[in-house]
Amino acid sequence: MDAHTFRDWLARDPGPVLVPVGALEQHGPHLPMGTDAFLSTAIAGSVARRTGGLVAQPFTYGYKSQQKSGGGDHLPGTTSLDAAALIHLTRSVTVSLFRQGVRRIVFVNGHFENYQFLYEGIDLALDGLGIRSGDDRSVLLLSYWDYVSDDTLRKVYPDGFPGWAIEHGGVLETSLMLHLRPSLVGLDRAVDHPPADLPRFDRLPVVPERTPESGCLSAPAGSDAVKGRLLFDQVVEDLSTDIRVEFGLETSNHTEKA
Amino acid sequence: MDAHTFRDWLARDPGPVLVPVGALEQHGPHLPMGTDAFLSTAIAGSVARRTGGLVAQPFTYGYKSQQKSGGGDHLPGTTSLDAAALIHLTRSVTVSLFRQGVRRIVFVNGHFENYQFLYEGIDLALDGLGIRSGDDRSVLLLSYWDYVSDDTLRKVYPDGFPGWAIEHGGVLETSLMLHLRPSLVGLDRAVDHPPADLPRFDRLPVVPERTPESGCLSAPAGSDAVKGRLLFDQVVEDLSTDIRVEFGLETSNHTEKA
Amino acid sequence: MDAHTFRDWLARDPGPVLVPVGALEQHGPHLPMGTDAFLSTAIAGSVARRTGGLVAQPFTYGYKSQQKSGGGDHLPGTTSLDAAALIHLTRSVTVSLFRQGVRRIVFVNGHFENYQFLYEGIDLALDGLGIRSGDDRSVLLLSYWDYVSDDTLRKVYPDGFPGWAIEHGGVLETSLMLHLRPSLVGLDRAVDHPPADLPRFDRLPVVPERTPESGCLSAPAGSDAVKGRLLFDQVVEDLSTDIRVEFGLETSNHTEKA
Amino acid sequence: MDAHTFRDWLARDPGPVLVPVGALEQHGPHLPMGTDAFLSTAIAGSVARRTGGLVAQPFTYGYKSQQKSGGGDHLPGTTSLDAAALIHLTRSVTVSLFRQGVRRIVFVNGHFENYQFLYEGIDLALDGLGIRSGDDRSVLLLSYWDYVSDDTLRKVYPDGFPGWAIEHGGVLETSLMLHLRPSLVGLDRAVDHPPADLPRFDRLPVVPERTPESGCLSAPAGSDAVKGRLLFDQVVEDLSTDIRVEFGLETSNHTEKA
Amino acid sequence: MDAHTFRDWLARDPGPVLVPVGALEQHGPHLPMGTDAFLSTAIAGSVARRTGGLVAQPFTYGYKSQQKSGGGDHLPGTTSLDAAALIHLTRSVTVSLFRQGVRRIVFVNGHFENYQFLYEGIDLALDGLGIRSGDDRSVLLLSYWDYVSDDTLRKVYPDGFPGWAIEHGGVLETSLMLHLRPSLVGLDRAVDHPPADLPRFDRLPVVPERTPESGCLSAPAGSDAVKGRLLFDQVVEDLSTDIRVEFGLETSNHTEKA
Amino acid sequence: MDAHTFRDWLARDPGPVLVPVGALEQHGPHLPMGTDAFLSTAIAGSVARRTGGLVAQPFTYGYKSQQKSGGGDHLPGTTSLDAAALIHLTRSVTVSLFRQGVRRIVFVNGHFENYQFLYEGIDLALDGLGIRSGDDRSVLLLSYWDYVSDDTLRKVYPDGFPGWAIEHGGVLETSLMLHLRPSLVGLDRAVDHPPADLPRFDRLPVVPERTPESGCLSAPAGSDAVKGRLLFDQVVEDLSTDIRVEFGLETSNHTEKA
């Protein structure tokens, strides 16, 4: 989208600007390293269509992979930001969007470890701009998996849900990719292994042996495109509803893309 | 403890230095604002006695309270650090302890929002000191509630566990305080109300009305000292075991305190 | 590309990892806001194919647009990073790539204002890693237009080259886009106007009237896909040659993409 | 104190919030490492009772010990913050207290090296909040020994006062501890030696031999609880008077504690 | 100038405060290391006399010398600042001048590599002070060589101008020094060599051999005081005109110096 | 001095590089705003001649003036740095000097408020370079007035010394300027008033009325060039001796200047 069209869009007091946030992180032998940015961008795109929103450029790098949620930052294929980088990036983009006249921003997070640093970046931005409770400008921050309903969980994990922490390269991400872009998934390369049994603490420096060979914390066995579609549709639906309610937007089929 | 005694202790290649991490945060009308530091210090103290460790000065302030886990940073009684403060504090203390010859550090976190910033501070410290996998110096980081076992949960929450996120000023913290320091708990001031029904996103700036009047995300109804003792003993036991195994320490009844 | 394939690639002591750097910046009514990232990514991709290299995720946001080179940061459609964000981002990504075993990195810059901050980020990364002259690891940094030869310039600007500073939304960028992705160019929306006559100083805060209505510093009149192809092919050819010579790589038709 | 009681206190337009600032620093063989935080907290507590104030959580860590005032940061038993940590900590806590509606803050410093970094943290906080001369919100910053009167000095040091710089683990701190908490003082472990004869410059890196074996810069010989009480009472009295005058508070015997 | 005289000057709503910016950088065997600060201070002084302005203390250190514009930061005789130092320095001085009531500031840059970091420092200062377009306070930023006219260039470089990038220790700087302070120029020590043939990229870490032995990127052969005077007078004249026009100042012969 | 001469000087394993540190600060109606940098540079120059040292460019700006030692940062004529700027400046310059092969650095401070920030900058530099106790590279940091002997004090202040804190624009600085550069002193403009009676605390924001009209904390009455010479010669002599002893240098009359 060109800037003049964007200005026209802004002038209509429109839906939100959605900022997809990802990572460049190993996701085992069967998923691309850019999976997190790909999924959050796809979800943001679909939500934008339902809320009259626009998708901004994604954050293509994310915070350090931690062993308990992503296998660890020591694995080749994982290129990470430190806290200062991610906080400053988030703060800059938030400030810059508000300065242009945007009033509603939604950060759609797709990488577990990012969340608190996104929160800080947004909070610093609001503080610098003097935006306080009651202002008509605001930001929503969420990780898309928090929108997976219990009902969906039961369908996707018929044998019981192992917990989000070890859902790295597992059934959720693999199924979503099989639904959205099957050509990027190498299911034949996937390794089957029991879920990683990681301790309740983080140890630094990391003990590399604790991460399964594959780099995944749980195996993708049982993933399929049907589950992916179920996950995708339910998350997009519920997130779109929340955004419309939260921002007082009318239902919209308006499609716009950055 | 004086510094010369500390040097003697260090020279014996001892157990870990435990750093309790808390916050100064409203915890409703029935718990003191310093609850998080109090609890993490009590747990650290008991673990130190079982692992030949020492308790360092606690971190008395913590990261901003977030609405979904602590009611929000807008509530009087909550005095918070931003990310830069907590990261620098953690990095400085970690570097400084290792420089003195300490080889094992355990951060015992008692405030939900702190975790990622403690992680970053530790990681920056190790990076600056050139400590990599295989080094005989290392750090463990944990939040004490991650040590509550399923069995304990069932006993403490006979009607079902509502999730850690809204355990702020609720049964866990209140029971622990009733066990450890009942005189600081004003159970008669506690308010009973249903658990807060918070959205799946964070909205900034915060919508203050979403936090219950009391400031607690779940009510302390059903708390008692017996549950507190059960929680405390089980967490201390399991955490002590993990530390001894992780650091290759012998069982010890050695008592030392900073 | 998945992480295991990436590890195999790394193990062959391969060509460089190319990091395209762009911006999200207004480019007048006829070019998309993501033009800079699009062009640097396209050039990096073609260079990667000729040097056995890989393209990493692009930097999708860039430093503040300055009036003398990009129209100014006050224009809607321009979402920018401050220096701290861009420096930390660059430093983090550089450190993280070297830690994985990468030995040759090339930053391909597509946004004028970025250059010095990329330089600082790289320099801080090398300093932190202890990489000094003589090390077998190194980084190249360049802006792609510095590779346009005098001969090409004469062909693209038969009436004389107005200077890179005001080449914003002008003949260079428009022709390249017409060659690479004509569907994203709205030539019918382009405005014709004389080159902006900007002072020799920067004034802050900006005097908005000094930027032409269109947001471009020179008009795209005279752009066409043939010029775009000429520019693209010559830049890719010369840059590929420099990279091969600089890193001692053999000529390669090896194609790989991140 | 719980947060609801704190809100009631705040609503009465009360005395100051006092923030004690200490360090975790070696103080020779006879004093605990936490001496500085202990003393500033005790003084703040007594002043709070006389001014209708409240004592906040102390800062338990302080700036690097310098050889000329604390023996040096190389000594085991000294765990220190760098400037960034202490400045950010001070700024965060100051901002956060003012945001809650506090109008009067007093930092009671007990560690020589902290002062300038506390000053910067407070100044940054006021700047960020837009608090300028004439505002009804303000901060006092002081080191408690600056309140020791000439008369007291003559009584405590009958043979002449050696200067504050080398009062580390000496008569002042030891006497105060003997008055306030004699059980923490190991006078039998104290070493007698002449005052350290340190140069007029700081040399970095430190020449360790310049610090006396004991870690003290002057010996505690001559310390006793009577001197401690004299020091304590005079400092508390004069500081309380200053605070009441400065903030226009009435004399108060109001006792409140955090 | 004393502060009371400065206050009187300020009260007259006067011309600009000019801040000369230099570097401490090797300039070959024939020019002093402080050349950049010397030249920018001399130009600022002469401009101040023509615009009713005042010259503030110069910035005596500058950003890292880059190989393509200054020979490189590895050369002894070059003492440099990193980005954080120069940005913070610029921001602090800008904020502090505006706080005193100054309304017009001009940064006169004399070191190529500084420019973007000065820009960022100024922008952060304005942002912190809430100065936006339309405010009567503003800053001009410029590098003095951008004021050399085409006509002057033709006279100074009769054989063709080699480009500013390699004008380090060359004809421009040497001629200016011969005009302004010949006693500091050791023309007999100057080395004659062809202009450096540097690549179109920056390589880090630097390949030291690419910088000519002399440290200059082009030889000073052909420098003389007449050219220096021509350059100086023309730059001062044009810059003074720009400042008067930009700030709406009357022509002035008012002489004042800090 | 040119860089090639500097390299020859370095190769002789010479005396120290002295970095004078000042401020741009109001000093009443009778002294120039640049007094602090002027005095530290003069002292450094004279010491350099006696120790075979070199004087680097001075730091022309210093930390915020505090009311108790400099009248306060609110006074026009005072242009200050914040902590981050001064710390980064000091760190950068220290690192950069050591990287060139310098082995001995002396910071000669002339502005009270700077000291702790210089200390931090130096400490960070040494830490980054891995310079620890025992290294043959080191830094001395001092404020020149700490070298004034008791004997000199008695002669300069026959009626008793009022303390360094309020020596701002008073007898010390005025006498030194009368000795070194009488033409810059406007003794006829000096105001006579009793020493400022400042409280034992710092209050922020400042109460402007507490600073005497003149901006001086004590009056310059009684200043003369003879006292200035006495002060200058004694300080230079003692500081030179310390430097020679500390660095193991032979007595030298070697004169060199940057």
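Letters A, B, C, D, E and F mark the chains as written, and numbering starts fresh at 1 in each.
As a working rule, a residue touches a chain if its C-beta (ideal position, glycine included) is under 8 Å from a C-beta of that chain, and two chains touch if they have at least 3 such contacts.
Everything numeric here is computed off the predicted structure, so don't read it as measured data.
Chains that touch both subunit A and subunit E: C. Think of each touching pair as a link: the shortest run of links from subunit B to subunit C has 2 of them. Think of each touching pair as a link: the shortest run of links from subunit A to subunit F has 3 of them. Residues touching across the subunit B and subunit D pair largely coincide in numbering: over half of the numbers involved belong to both copies. More inter-chain C-beta contacts link the pair A-C than the other of A-B and A-C.
The rotation relating subunit D to subunit F, fitted on Cα atoms, amounts to 180°, rounded to the nearest 5. Subunit B and subunit E have centres, each the mean of its CA atoms, that are 54 Å apart. Once the centre of each chain is set as its mean CA position, subunit C and subunit E turn out to be 28 Å apart. Distance from the subunit B centre to the subunit F centre is 47 Å, each centre being the mean of its Cα atoms. Listed for subunit E are residues 74, 82, each touching two or more other chains.
If the chains shown are joined wherever they touch, the resulting network closes on itself as one ring, and no chain has more or fewer than two partners.
Here the chains link up into one ring; start at subunit B, go to subunit D, and the full order comes out as B, D, F, E, C, A. The touching residues of subunit D, when paired with subunit B in their complex, are 1-7, 10, 24, 26-34, 37, 56-61, 73-82, 84-85, 88-89, 91-93, 96-97, 99-101, 186, 189, 215, 258.
Interface residues of subunit A facing subunit B in the complex, by the touch rule stated above, are 63-64, 66, 74, 82-83, 87, 113, 115-117, 119-120, 122-124, 126, 131-135, 138-142, 146-147, 199-208, 242, 246.
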